[in-house]
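Chains here go by letter, A, B, C and D, matching the order in which they are written, and residues are numbered from 1 within each.
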């Protein structure tokens, strides 16, 4: 039980060669594999978003035909949701940091972890195959609504299978995390000593585990329907297309919390570190994650307010939708309170966190607008909804992801990024983002429906502003990427704990050794964010 | 490399964790079929009369026999775990073999049931099927879909048990280290439980 | 945009204003506090942080107040919406047919139209019927929207309160030309409406009338441009390459072929076009009407 | 939790598993077969009360499932946590069906 004094071999150096990566069961390597795959898909989907904005810069045909446009937004949505946002935080940061943060050396089932990575790859390959075989990528929207998804001639079957496989990958990750958290916490790491990121992942994992099977079976039904040429949602057989929508949203609403809960966990890590004080309301934040996960199961109907749903069902779903906003509010208030009387060090990760709070507020509050019955009737399937979900998904979860990428950059790669460039990139992204999506909210109020290839003259100005915003955003993103790549190659050296963080990952060298620690980690007394007593570290 | 050991390592053997993981997996299986039961419930409500009427086409006798076969296989697998825990490896192997044989019996009976339906042209897309009423079509589509998916689970469970037998022979699964068999058993019981519901919902709604 | 074009505008806009007001308050308030804290407690001004763990009082406050607020929001959303569900028994009944990618409105006297003409200050009740996939009838100016779902008939109603033309959009994605599935509601004075309603004569060729009535022209042009299906221009008597059961063959466009194309469009799929786009019109268009169509196609040289 | 961590490095620890006797399992099996025969009888003999037979059939099915889970799957002897989580899963399942059904029943 001796404590190694010299810098130990880090996990990159421990094994070499391609196979030591793609067949590794080391959670850190699997996390990084996810990262590279996820970020590549993200860039592809961003390019598609960029192309859509170009097309929409003026009414009529600008650079592509209607069918191409429809395929592009479908692919954009499918990649962003199933290949980027759902796996992003859990599968990358979760895999990499969860075991370290709770003081163990791997997840509970390392082989299952590898399996879920390979399923992810398989799903990704299926998604990409839709591009090259048959009649091209699906043109149904990421929601695959029947009966259109059954009628169209494009590669819906493949796309749906891709989503199905990715679902299994997500289930296995969730399963692994639950067991890891239950069984593998370090001695003395009680439930309320866990970092909030672990709590967030725990809540998320339950959604992954218990909601995903429903979409799995639903997508199989779509496949069956396409293969037999007749099917379960076809009125001619006694079926009902609305039932498909129920099944789809039973999963897909909870799925939006799969996207945002872990991101909220990241925010709960970053804010106390840069405020140099403990988090405000640890338990409130921990329990609100569970509350969001739980209530989130019961609100799916708010996506179907205009589908002819019955009155009582609308009332129930609307009330519950509003209730799920309360635990989110609790989190926001606690984060802001954490800044109070801190000693705030404004580094890039903190900027991203503050932007998260602002943009998540806009997204969440617009969510309230469409959660109300009267207003959703008007705003459903308009650009208001598009604005809402980009604010929560990109402005919220996406920004948290980038923030954490900076926050843990030194830990993962052992180098420090260039702070000034990062701040410039952030500024571009923040301005570009709001310029891109705010006009969409206004367009929606004016009545422009979404998934519109072409639009009326009166919507032109706002669309132009939005497109210009996308250019500024791109500039920021490219700058950020270049900065990170550069820093990884030539960035400054870093220490174990460059930010003065208090959670366990800062007790290990950067990058961590193969088995995560070079000495048995010391679980702090009190709550995991107490800066005072950990001064020595 | 460092020479200390973390007590709580993901690489230590942890039976409790394996079993917990298996249960979590069973929850997902439950909800997978749960989605289908939801579809069944709604469509049965929308087409109650035709569902009732269609269920007469199914053979209650074969269904009952199959239910009993599966229940018995559940028994044998449960007994095989007791046997292994008591150190009686031979008996345990025999009981697993019996389970797999029951699984095969189940599948053979299913095969005859399905082929009878095929002969009547009740499979989606066949001539008789096409002339049926909407609700009837839905009934048979669901029947084939749900029993088909269940059959797939029977096959997977059987293969899994076969693999476990091999592991027992190779002394990888032993009286002291029997969690793999226990998990295989859990899976098998789940398959049984699902059938416990499929049976009355399709065969017995007279 | 805040005009009173229909009887629902007021309710919807009120709930919108209330929710938006509360939201703005929180957005601005929280952002301001956050920025203030960052500036006030910046490490240069506040080098030594002070730990504040939690405060039961605060937690309860900011759980209870938002809960009350959201329930208020729900309430206004509900009251703004309720009248949309209280469909009156009296009123002008119109059947709205949706199909890829056009609207068609059928009035009680059998008159059909591709735009929705209604009298001012009268309740209009729409039966929403889809012939293929899910569409959604959306009139932004009236603040109403309801999906048009195959296999079931959803209903929607409104009272037009201001004369004028208002856009109708299709708000549920329905394929290639979803964004062109547009129409208009025309709100006119009562007397104008009555004359329009009773005038059933058209000057169109009877075949053309059938084509218009069934929205064939949203996929087939008359002037040679390709939309989704082949153009009708000059097809009569031409040879076309079709795929029948996976095999290519060439057929001449004659009575039989047209009949088959309309009743069973997937039997012969014209090369270069997609199967499954066009639905069968077997119970929608009679054989006599198809004769009219054929006569009309003959004139399109 | 920490205490449990220690004990699990002693595989085969007799306190860890209760070995369920053969006879007990066989008894359970007999019970299940009886229940199966009962459902079939209720439904085929008919009593021609449709609703009645559906509900009895379901009640019997639930009973059977509970028995299988409790005794064959050892849920009764296992960590209570699993039972609780099973309860949550079933609750979700019921809510999924109930909320969807509300939409259909009250249309």
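Definition applied: contacts are C-beta pairs under 8 Å (C-beta built on N, C-alpha and C of every residue); 3 or more make two chains touch, one makes a residue touch a chain.
Everything numeric here is computed off the predicted structure, so don't read it as measured data.
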Problem - Chains contacting each of subunit B and subunit C, listed by label - result: A
Completion exercise
dist(centroid_CA(subunit A), centroid_CA(subunit D)) in Å evaluates to 36
Problem - Mean-CA-position distance for subunit D and subunit B (Å) - result: 15
Handout entry: Approximate Å spacing (C-alpha centroids) for the pair subunit C, subunit D
Key = 48
Completion exercise
Residue numbers in subunit D touching two or more further chains are 5, 81, 89, 92, 96, 100, 104-105
Completion exercise
Among all residues of subunit B, those touching at least two other chains are 7-8, 14, 16, 20, 24, 27, 30-31, 34, 38, 42, 46
Exercise for the section: Would you pick out the residues of subunit C that each touch at least 2 other chains? Expected result: none
Exercise for the section: State which pairs of chains touch, listing all of them. Expected result: A-B, A-C, A-D, B-D
Practice task
Would you tell me which residues of subunit A are touching subunit C in their complex?
Solution key: 66-67, 70, 135, 139-141, 145, 147-148, 151-153, 234-236, 239-242, 275-278, 280-284, 306-308, 311, 314-315, 318-319, 322-323, 325-326, 329-330, 332-333, 336-337, 339-346, 354, 357-358, 361-362, 365-366, 368-369, 371-378, 380-382, 445-447, 449-456, 527, 530-532
Handout entry: subunit D-touching residues of subunit A, taken from the complex the two chains share
Key = 182, 185, 187-188, 190, 210, 214, 242-243, 246, 250, 297-298, 300-301, 308-313, 316-317
Problem - List of subunit C residues in touch with subunit A within their complex - result: 1, 8, 11-12, 15-16, 19-20, 23, 26-27, 30-31, 33-35, 37-38, 41-43, 46-55, 58-59, 62-63, 66-67, 70-71, 73-74, 76-81, 84-85, 132-134, 136, 138, 140-141, 143-147, 149-152, 154, 167, 169-180, 274-277
Fill in the blank from the handout: In their shared complex, subunit B is touched by residues of subunit D numbered 4-5, 8-9, 11-12, 16-17, 19-22, 25-26, 28-29, 32-33, 36-37, 39-40, 43-44, 46, 50, 53-54, 57-58, 60-61, 64-65, 68-69, 71-73, 78-79, 81-82, 85-86, 89-90, 92-93, 96-97, 100-101, 104-105
Problem - Contacting residues of subunit A [partner subunit B, same complex] - result: 1-4, 8-9, 14, 27, 99, 103-110, 112, 171, 175-176, 178-180, 182-187, 209-210, 212-214, 216-218, 220-221, 224, 228-232, 235-240, 243, 246-247, 250, 513-520
